[in-house]
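Working notes, beginning with the structure itself.
Think of it as A, B, C and D in the order they're written, each chain with its own count starting at 1.
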Amino acid sequence: MGGSFASDNYAGALPEVIDAIAAANSGHAPAYGNDQWTARVEERFRHEFGADSDAYLVFNGTGANVVGLRALTNPWDAVICAETAHLNVDEGGAPERMGGIKLLTVATPDGKLTPELVMPKLVRFGDEHAVQPKVISITQSTELGTVYTPDEIRALGDLAHEQGLLLHVDGSRLTNAAAALNVPLRAITTDVGVDALSFGGTKIGLVLGEAVVLLRPGLGEGVEYLRKQSMQLASKMRFLAAQFDALLENERWRHAAEHANAMARRLAEGVAGAAGVRVTQSVDANAVFAVLPLEATKKLQERWRFYVWDEATGEVRWMCSWDTAADEVDAFAADVRQVASPA
Amino acid sequence: MGGSFASDNYAGALPEVIDAIAAANSGHAPAYGNDQWTARVEERFRHEFGADSDAYLVFNGTGANVVGLRALTNPWDAVICAETAHLNVDEGGAPERMGGIKLLTVATPDGKLTPELVMPKLVRFGDEHAVQPKVISITQSTELGTVYTPDEIRALGDLAHEQGLLLHVDGSRLTNAAAALNVPLRAITTDVGVDALSFGGTKIGLVLGEAVVLLRPGLGEGVEYLRKQSMQLASKMRFLAAQFDALLENERWRHAAEHANAMARRLAEGVAGAAGVRVTQSVDANAVFAVLPLEATKKLQERWRFYVWDEATGEVRWMCSWDTAADEVDAFAADVRQVASPA
Amino acid sequence: MGGSFASDNYAGALPEVIDAIAAANSGHAPAYGNDQWTARVEERFRHEFGADSDAYLVFNGTGANVVGLRALTNPWDAVICAETAHLNVDEGGAPERMGGIKLLTVATPDGKLTPELVMPKLVRFGDEHAVQPKVISITQSTELGTVYTPDEIRALGDLAHEQGLLLHVDGSRLTNAAAALNVPLRAITTDVGVDALSFGGTKIGLVLGEAVVLLRPGLGEGVEYLRKQSMQLASKMRFLAAQFDALLENERWRHAAEHANAMARRLAEGVAGAAGVRVTQSVDANAVFAVLPLEATKKLQERWRFYVWDEATGEVRWMCSWDTAADEVDAFAADVRQVASPA
Amino acid sequence: MGGSFASDNYAGALPEVIDAIAAANSGHAPAYGNDQWTARVEERFRHEFGADSDAYLVFNGTGANVVGLRALTNPWDAVICAETAHLNVDEGGAPERMGGIKLLTVATPDGKLTPELVMPKLVRFGDEHAVQPKVISITQSTELGTVYTPDEIRALGDLAHEQGLLLHVDGSRLTNAAAALNVPLRAITTDVGVDALSFGGTKIGLVLGEAVVLLRPGLGEGVEYLRKQSMQLASKMRFLAAQFDALLENERWRHAAEHANAMARRLAEGVAGAAGVRVTQSVDANAVFAVLPLEATKKLQERWRFYVWDEATGEVRWMCSWDTAADEVDAFAADVRQVASPA
């Protein structure tokens, strides 16, 4: 298969990431993170997210979310998230069954929580019959391809802290958001009140790897135990660390993310105004959401890979990745315009 | 750090495994296992374990054990294992907290279960007050470096099946056992009554990767859901599959395992008869267990990496891996002989 | 405290229930349900719900729901319920943390699910990333005091079965519904496609006691183990059984429920048309929901006990029970009319 | 059925307990423990266990243990208990599956832990691969009918506290122990270093009811939430409270427990020296353990109810309760002597 618009998980790894794995394959190294690669990448994470931050490498995004949220909650606490959050719809019930965490979900128009949307969930504190709201978890960029501005995040952070809650970011595409906003990673996390995050490596070009990052001292008691218990502790950790080392070196992720975002914009522009096509969400990062006729979708899927997001409305998702080619975007956009157009 | 005798997890990856990762990094591929590398490696697993077997790749050994055992048990079932089993002592409580599985542990002299040792646990069937024994889980090779013979496994399989139980193998070092016994993998699994196993890739030379392998049709309902829910589903699965492909090709693991085993034997022979040193377990695979004076251990650990297994008795574990060098073994053995010897 | 409109849990027990406890206190009886009282009450349950039904007594409503739903689901399954369901908002996260069950919640105007409301949740079957819808759970009578008709239940049962799901009823006030509809219990359960239910005893006049009732053979594998494991198995079971015996004898519950329902209607009528008071839900069973001015609520709560249901809207809940007195209702209604009326 | 020696759960309730239930059945009372009966019984518990203690009523012993131990542990902590502990063998896996708690079990000759037996489990602190020992849980009186002296408990408490652990007592028969030792309840709990306990009401004469009692301030964060979430919060709490009120009034339990204990001693004396009968445990409380010929057991069970404790050895358990009659004991002892005697 050549390129596709199915998912940024369909893309391979950045060449430098592969090189880093190969380079790390030299002799023996202590297991479970007591190696020099991990030490160096921990330093890189502190450089990105602040001196008080602590990063814990894990295998995948579901793992990062479950480990991070377990570390932030008591067994009677709940996590507030958007109804569309990956946490809620794409993790096979892991938060609930593996983490024991009840999610309090909020309907949103664009995948983004706001203080107004969250407020109605901030009730029944101290009532033993109800789970206690403890964490607000947002996704950046969101599952709908939109991006929170620093101010929007700060508003949620302020609300969380006023009410005794914590702010968590599911950042499986945090790099796409930082690139879209043209800001450092800490400008949309540490600096605006985020307490902890899942930092995504896989979608932006690792073979595999995510990180739980705790941004403030005193958070996340027992997180090392929880990572191990949650089946997310790699024995040959150096191979995860080496990948992140390559990704974080000189913000290598930024170029990759900028490219993916640019390709999504190019695609959105390419289909703009096309008869039969309606882009439904602001194309802030590397995804385009659009409604088109069911017949058009079927025809397109004969030649291109992408997912239908909502069977009921005919909404589709087109995802760009670090290696999406401009001419492929153009060819796809042309195809969409032709196929979607009413006869 | 150069070589060490701490763990086979300290070793790097086989060069062919690194090459396979690099080779798999070409263009887009469907995520979550719907790719050609995964299809090929599934075929390889069937070649090793039989046409009725099904392999599910996961990240690590704890993950493989939890996913596999969740797939074999009802919520009221229990798993019988050796007191020394990794499952019991080195998985941070994952079986219990993440899997909800109660372990019924059995003291053993050498890490190996026998029908006689298991029998006393096969009680209280139908009693709602007691968890119901459902799986016997053995480790091959064991945590004490010993190896079950095919007949020993068959005896446990027969017992399990007579009593309505299943036989599971934690095979994080299954390749070491197969190499030690000079038999194919299926001769110590499928052919002797094993129902399911965790197949270890990491310790024998992968960057990371294990597999849950179900050996009989009709077992493991919902295993795909359980893998995802247990946070063990890789998105860019091809990079796990490619590694296993390299490992299973022409039994590449066998040479690696034979070498590791040979180095352990060489080490055991090197210290045999040394004053102050007593090898405590049969050196069947790639581990040597020995008791030596505490002072000697301390002195040795200034120059060599290895773990004390039992603080109380002074027992230590020396582990060899696919890349342990013979001259390093010899140097270490000489050092042991000298240091352990009473003045 | 005299009477109140806070909850049917504030009421005591039916005198015959107390008598039954006292009468059961004679000599020794086998524990855990192997006694004559339990045998008799099981027979009574079969009489109510059909020869294929099986009842398992438990302590409380949360226990009944968790045991019942655990018995109906695999670890990757989900339960669809109303957003307002007790299961979702008043069980302290027990379904999720203790049962591991993800709830898929549906907003409703009146606490009642309909096929149309449920349909959008019946998606992603076979998709390993998503929990699999397995049970539709409705509450009868609902948390908003409304009652499903037999036809409404049948429609949900038909939908459930067509789609391979099961229909569960949280019947903590099932007796109020049956009394309201003037039908036997089985007319709103077994006869209209319900597969399993929680049968409420406490609110209608037991000291304590609920039952998990499985209505069809082949359902609920392992339910005895699950009851014990879920900490819901009473040792001196006869004392639970004796209470249910008294409750089910000649439908003793019906008179109690009819009275509670009648008192709610009387109250609704008593405040009908009152200035400043708006009854918000159909008063089908024993609850009245109304919006009144916040100041009025505060003044009323100085003299009467009842709960504010929704701080945001000022909606309150007035609950009647088997022992609510008519003159108390009249006094309360008069007070409401006076206090709520704008000056 | 008349009397039996099967279990103290076969006995009914103390007459005063039944009376207390009936007396509590007057008018409305706030639910969930906000009633006068609960307030009074909380005061009684403080009188028994000290001004710093807090009691939380629950339904049954498994519930008390799970709620209490959840309140004392983090998700990565473990509980040390005797292999024979009810927690380990008779709770259907509730500690593990519902509480997520790994038990570290210790073989004992008489059901009693000692510092020497516990020490080997106090290892691997700070090792993320291992659950962290956090609670020592003992049973008083033990499942084998033996009783810890205050000094024995204090020794375990001292060990626990030196090592940063807590001491928990599963006191489902704590009253039998206090009666046997002729000391107040606090002499074997609060005064000798116990941190928390499950206080048993059912076996000593309640209809049903146990209590989680936290003995020191600062322990058990979130215990109210955990009780609710663990499905152990009674709505009509006054009926649990009233029973405990009757039980604790003037140490009413003491007379009941002394009687049960005396009957066990009488039975042990009655069979002492009988041919074919060997009493295996010290008869400290209300249980007699004995080995007798299998044939004798079978014959006795035709006329008397009791349990075989160990199929392998032929050991049986004879349990006395608050209502066991002396002439019944004598008749049973005579029967045992006759039947067990070799022809």
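What we mean here is this: a residue touches a chain if its C-beta (ideal position, glycine included) is under 8 Å from a C-beta of that chain, and two chains touch if they have at least 3 such contacts.
This structure is a prediction, so every number in the text was calculated from the model and none was measured.
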Write down the chain pair in A-C, A-B or A-D that repeats the interface of B-C; the criterion is over half of the contact pairs matching by residue number. A-D
Report the chain whose mean Cα position is at the greatest distance from that of chain D. A
Calculate how many whole Å lie between the centre of chain B and the centre of chain D, each centre taken as the average of the chain's C-alpha atoms. 41
Distance from the mean Cα position of chain D to that of chain C, given in whole angstrom: 34
Centroid spacing, where centroids are CA-atom means, of chain A and chain D in whole angstrom: 50
In chain D, which residues are in touch with two or more of the other chains? 32, 75-76, 91-93, 97, 100, 128-129, 225, 228-229, 233
Interface residues, chain B side, partner chain D - complex: 75-76, 78, 89-93, 96-97, 100-102, 105, 120, 123, 128-131, 311-312
Interface residues, chain C side, partner chain D - complex: 1-4, 6-7, 9-13, 15, 18, 21-22, 24-32, 59-63, 66, 91-94, 97-98, 202-203, 207-208, 225, 228-236, 239-240, 305, 321, 323
So in the complex, the part of chain C that touches chain B is made up of which residues? 32, 70, 74-76, 100, 128-129, 132, 221-222, 224-229, 233
